[in-house]
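Sharing a structure, written as structure tokens. Questions coming.
Chain nomenclature is as follows: A, B and C, assigned in order of appearance, with residue numbering initiated at 1 for each chain independently.
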Amino acid sequence: MKDQKATIIVHSGEHDKIYSALIIASGALAMGMETTLFFTFWGLERLKKNGIARGKLSNMNFLGIGKYIMSRKMRKSNVIPLEKLMKEFRELGGRIVACDMTMDIMGVDKDNMDMNVIDEFGSVGTYLKYATESQLNLIV
Amino acid sequence: MKDQKATIIVHSGEHDKIYSALIIASGALAMGMETTLFFTFWGLERLKKNGIARGKLSNMNFLGIGKYIMSRKMRKSNVIPLEKLMKEFRELGGRIVACDMTMDIMGVDKDNMDMNVIDEFGSVGTYLKYATESQLNLIV
Amino acid sequence: MKDQKATIIVHSGEHDKIYSALIIASGALAMGMETTLFFTFWGLERLKKNGIARGKLSNMNFLGIGKYIMSRKMRKSNVIPLEKLMKEFRELGGRIVACDMTMDIMGVDKDNMDMNVIDEFGSVGTYLKYATESQLNLIV
């Protein structure tokens, strides 16, 4: 799948949606696709400083089963925490774009953003440039 | 990006989802793409008479921050209200299709629909005709 | 639309989302497209034994109108129940893939799954193989 590209817009902030997005995105990278994630609206909140770490705490019950049972299941099944998935995605060469229009609307400053996980700030034009070159485009 | 096409199914009725859909759709139009929005289920509710206007009132807190703070932020950042985005989308040549099957299920009559924002009534066949010709297909 | 393919990831478990996915998927099949549905996370729950039947009871109010009014509307409009849509989708040649990683995380055994509706167990690699060959890819 060389020369193919993929984009996923992360509009939702829910752990399970971001989890799905990262699993698909890292899978696409592993198959040789150039992959870009666009974080906007509730998703963008997760790119604030400590945004993903906050996620880590609550994604314990992201399958609705209760925290205790789920955390036991997750230890057993070695599910990977979101920040580790995000780190691996970027180490594999994945690109993370933060939506600057959402930042404007929310009055969020670049100083509040976690620059350890952001490659680029961009607008809808940035997104469409990537999306129209991509074989796979999703929004979660 | 001439000769490229885009579709977005608006299944959700939430303001932030419709907002994202309209921003992407108008961006696609601006880049020369033929763009169609399909409103179905909760999205279709917003095409009823006054459906988008009702939206205007409550999208003040679509970023979850509380209405007062948000409306102040929005005045400052000049965020565009949904009905204005919708109007601009159509003035730029965007097409809005209302799902007639959803109308059947809900027993909604064409008389209840806001014909100022609808270009066409269509079914899944209409959607698939556009989608299979499009480079970019999303559902929110 | 022969030789075209479609995929839909069913991440959500909500009746209206699955309903939309099945309507689009069956429409795509009817137009000659090879169509695959990937059930993951909350969607996967619906592929457990009796998972879709449980859906049948509660999708009465999936348009938020109250169960009594909605069920009357649905009798009148002959809306098709989810399990019937699922059955027809598969009879038309549609493929249903269950995400084995979600099963691992949740500690769900194959014995708990409804093998009457599942064609195949697969991972993100299975999905990407289909998706990169497809003209239409959605996630609900």
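In the analysis below, a contact is a pair of C-beta atoms (placed from the backbone, for glycine too) under 8 Å apart; a residue touches a chain by one contact, two chains touch by 3 or more.
What you are looking at is a predicted structure, and each value in this text was computed from that prediction instead of being measured.
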Chain contact graph, described as a line, ring, star, complete graph or other shape: complete
Copies subunit C and subunit B - interface residue numbers shared by over half, same or different: different
Copies subunit A and subunit B - rotation angle from C-alpha fit, nearest 5 degrees: 120
Subunit B and subunit C, separation of their C-alpha mean positions in angstrom: 25
Residue list for subunit C, restricted to those that touch at least two other chains: 137-139
Touch list for subunit C against partner subunit B, complex: 1, 4, 16-17, 19-20, 23-24, 27-28, 31, 33, 63-65, 73-74, 76-77, 79, 135-140
Of all residues in subunit A, those that touch subunit B in their complex: 9, 11, 40-42, 101, 104-107, 123-125, 127-128, 131-132, 137-139
